[in-house]
Amino acid sequence: MTRMVTDLSALNGAERGTFVAALGGIFENAPWVAERVVASRPFATVADLHRAMVEAVAASGEAQQLDLIRGHPELGSKVGQAPAMTIESRSEQGGLGLDRLSEAEFARFNELNAAYRARFGFPFIICVRRHTRDSILAEFARRLANAPPQERAAALEEIGYITRLRLVEAVDGPGKPKTDGRLSTHVLDTVSGKPAAGVRVILTERGASAESVLAQTATNADGRTDAPLIGGAPLRIGTYEIAFHIGAYFAAKGVTAARPPFLDVVPIRFAIAEPEGHYHVPLLASPWSYSTYRGS
Amino acid sequence: MTRMVTDLSALNGAERGTFVAALGGIFENAPWVAERVVASRPFATVADLHRAMVEAVAASGEAQQLDLIRGHPELGSKVGQAPAMTIESRSEQGGLGLDRLSEAEFARFNELNAAYRARFGFPFIICVRRHTRDSILAEFARRLANAPPQERAAALEEIGYITRLRLVEAVDGPGKPKTDGRLSTHVLDTVSGKPAAGVRVILTERGASAESVLAQTATNADGRTDAPLIGGAPLRIGTYEIAFHIGAYFAAKGVTAARPPFLDVVPIRFAIAEPEGHYHVPLLASPWSYSTYRGS
Amino acid sequence: MTRMVTDLSALNGAERGTFVAALGGIFENAPWVAERVVASRPFATVADLHRAMVEAVAASGEAQQLDLIRGHPELGSKVGQAPAMTIESRSEQGGLGLDRLSEAEFARFNELNAAYRARFGFPFIICVRRHTRDSILAEFARRLANAPPQERAAALEEIGYITRLRLVEAVDGPGKPKTDGRLSTHVLDTVSGKPAAGVRVILTERGASAESVLAQTATNADGRTDAPLIGGAPLRIGTYEIAFHIGAYFAAKGVTAARPPFLDVVPIRFAIAEPEGHYHVPLLASPWSYSTYRGS
Amino acid sequence: MTRMVTDLSALNGAERGTFVAALGGIFENAPWVAERVVASRPFATVADLHRAMVEAVAASGEAQQLDLIRGHPELGSKVGQAPAMTIESRSEQGGLGLDRLSEAEFARFNELNAAYRARFGFPFIICVRRHTRDSILAEFARRLANAPPQERAAALEEIGYITRLRLVEAVDGPGKPKTDGRLSTHVLDTVSGKPAAGVRVILTERGASAESVLAQTATNADGRTDAPLIGGAPLRIGTYEIAFHIGAYFAAKGVTAARPPFLDVVPIRFAIAEPEGHYHVPLLASPWSYSTYRGS
């Protein structure tokens, strides 16, 4: 998909129509949000522009907010079944595989969508790029128990996340709000007091129904990976496991160990809760002991 | 199965025939081993008795050792297919499920048995009560590469383990050789500086083809389990995982954490290499960090 | 000093006069406490006897409690200056060296005693066997800020600790209340995954004015010390440091390290707050890393 | 002291006399070293220039090397007592306080200098900027046991360190050899899983005769110190201690702890052996446990 990217400075100086044409799709099926901030230009930063749009929604009143919410597609809609779905929604849901659900998963999403719509009268909205399938299902269950006003606020908060990501991609300029997270690691060999180089590191997402390998790499001379295990995007809320192959590492170094070695593949399982955060998950290991922690 | 247990003192004073009848089955189809130590009585300890029997085998020469080795059943023989299999062998192999192999596993064992017999001219002997299926297969592969004299020594060493276990169960008396191992754990809550009570702990054996739950329990007020996770028998060489449910523990204590919690189920994966050893595998944990080590 | 020890069963059956003679000195200059519990005999446990005496004090009313409190000597009184001091008080204060204070320390204690007496009208009472000089001074300062009723309660609580210790030493029998604490350690070598044997361990008390060595020993084959570092008595509230000589240990094992080694003498500094508690302070160490925690 | 700094490019193009005038003092009282490398110009890097000078010394033969060695002042010479001491030597020895030795220390250095000179016939040379007083005394003792050829090599190695530092300060240009080390720390709060901000951190050098505070600071929002604890110079080989005031930190955060807190000031004692290395010495702490390691 080609995406048009505009400069904030150009938007600040553009005709009203050009401005609205450029940003009308940021809020799903709601070009009026862009219209309402035209007069507040110029915006010093992309974050200011987004804040103004969010505040325009907040000021628009319950009826219009409900319209905005109702303008979103249902989660897990198969392409072709939700005609009003924007290009942006298609891309976002596609990234998680929500357009390639199995029949059983599709049924489960349909069931939750129906229960949710019956309770609240609008579709379940969540910023899918900040979630794994598991955390979406967990949020679905949790939010179904909300009172309606609380849930409207939750939906608007998610719309804030969705549009922040869209705006950051659609507009270039200073002061972009932070939307990326980062997962990194390093391995320290406590026998030699040095970074452990050449340790195989495998990152998987652990879902209720499946595990998928997200990264396979090895530590470099610094005991780190050349690139973050995840970066350049929001981290998806969910459960992960890093497998550190330290048995092979110590064997290659000739460090004597038992047969089989007490520690071979060390799994570190953890959850990510802050999509825009930095999670540093190191391993300090000898052939007989290790520790880990959330670092920064 | 009822097992006759005799006192060492009774054996020391028994008629030759009684002695041989009692201990004739310790060495598989080789009552001559018992016969050769009759004259060395009295034995001060059960360990002395076993040592004498092992030395009688060592002194018997290559031909008789080969006869002894050949008197053992093939591993994984289905009951009914190995008519000369002693009651003891049946019981030992049954404990590991070797008499309930799937067709594929049976085929794999048959193949290894055939390759082994072709190479060495005798059946593969291993003290199955010290092994998991995985470690048996690993040993099979490793020992297939041995030179014949080295492999005869390996077979005799395994016969030593097998008969030591049999003797310890057949004879009561002082100075029993150590045949039991122990796996224990404890959980320390580093936020409160106290033992973590009520932490769910699940021990699984991790095999190539399957995982099986060996123990499900919870820590007591001391942060330990009321009984060892494994005890009262040799530990089986193999890979294990203890899952510590510390997310639920900290949630119940009201320790604030992320949603989802950074650490929920902490898996500690390790191998046991010494069946008669004590493996203490503790967890020191906060909601954001933990460490483990092989303790004692 | 010879101490008369009586059996609880003998006390339960003794003449009233014998009972009071035996226990009249437990509460300082207050044989009436023993008198009041005579009629409550028999006591099933030593703890029950102590509890009854403490309750007799609690029931005696403010005036008599103040008499009891005033019957105690001032802390740091030089022998010969406090004629009514019981043998027990002399022994207890002597253990901490309070009868061997320097002139400056004596002056400091006198000053605090005077300020305390001016504020509360009775001497400062503290169970010295549960304290170091430093923690006594800290408690002095803290308790000077108490309101009078709060401070009377604090004094009675300390009398409870003092008399519990005296009773445990004066009376033999079942159900002795716990008065002993324990400080223990162990050292684990994370390079070899084994207990570290032969590590020199030195325990010092760290006071504001001086440090004193309380124990010098070495770890045994289990990585522990043959005897607890402190045991058989209450632990004194205060600050301690254990120095673990792991540099020499790893050098002797031939584990390569830097020159000078990164870690040589590892000091672990900690405070004890619960005199009757068990403090286990282990060290898990490689030549380049270590961890410690309060265990149990 | 004003120091003349010259550009490498200027030196590469300078007259022979200018070149020798600029670099004649790099090797103590030995302008001939500079003379011998004139013809090897141009040097691409400062490191190349230094290497060439060191090789000129290596190629000069034992007699001239001994002259070079003998041209150095004795360590600990009081200013005014060693007339041939260069400005550079005065500055270097002054940094360690070797020109302000107490009478006892001066006597000790004199004694060692005399023993050394008697054994080898030349003064003891050591790059003082890479050492503490303690490590100088340790090296003195260690090197006194060397055989003469080994010790000549040791002296030349130290001259290499001395001149590398001098050259890096005298000449600007690309490819400077690494002469600086760095000591850094960070503190992680394992209760909250976040960097510990505002922890007081005090670094001391621990000498045999005295301790001196090298840095007093506090951790920033990242749990690090704004500047390295030591940086911008070689680290001095020796023993150090960082005191982390985590008791006050946790008290300020309202984390409940004992009175007195189990951990208050945590001392981490370690040695530096590589003056040009990076020593990262972090603390991961809860109120009841901590760990540290040499990181990078």
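Quick notes on this structure:
Going in written order, the chains are labelled A, B, C and D, and every chain counts its residues from 1.
Heads up, the rule we're going with is that a residue touches a chain if its C-beta (ideal position, glycine included) is under 8 Å from a C-beta of that chain, and two chains touch if they have at least 3 such contacts.
This is a predicted model, so every value here is computed, not measured.
Common neighbours of subunit B and subunit D, listed by label, are A, C. The chains touching subunit C as well as subunit D are A, B. The interface with the greater count of contacting C-beta pairs, when A-C is set against B-C, is A-C. Each chain gets one centre point, the mean of its Cα atoms, and the points for subunit B and subunit C are 48 Å apart. Centres computed as Cα averages put subunit A at a distance of 56 Å from subunit C. Of all residues in subunit D, those that touch two or more other chains are 188, 190, 193, 258, 262, 284, 288-289, 291, 293-294. Taken as a contact graph, with one node per protein chain and an edge wherever two chains touch, the assembly is complete, since every chain touches every other chain. Listing the residues of subunit B that touch subunit C in their complex gives 188, 190, 193-195, 222-223, 284, 291, 293-296. Within the complex formed with subunit B, the residues of subunit D that make contact are 188, 190-193, 258, 262, 284, 286-289, 291.
Only residues 135, 138, 237-239, 258-267, 269-271, 273-274, 288-294 of subunit B touch subunit A when the two sit together in their complex.
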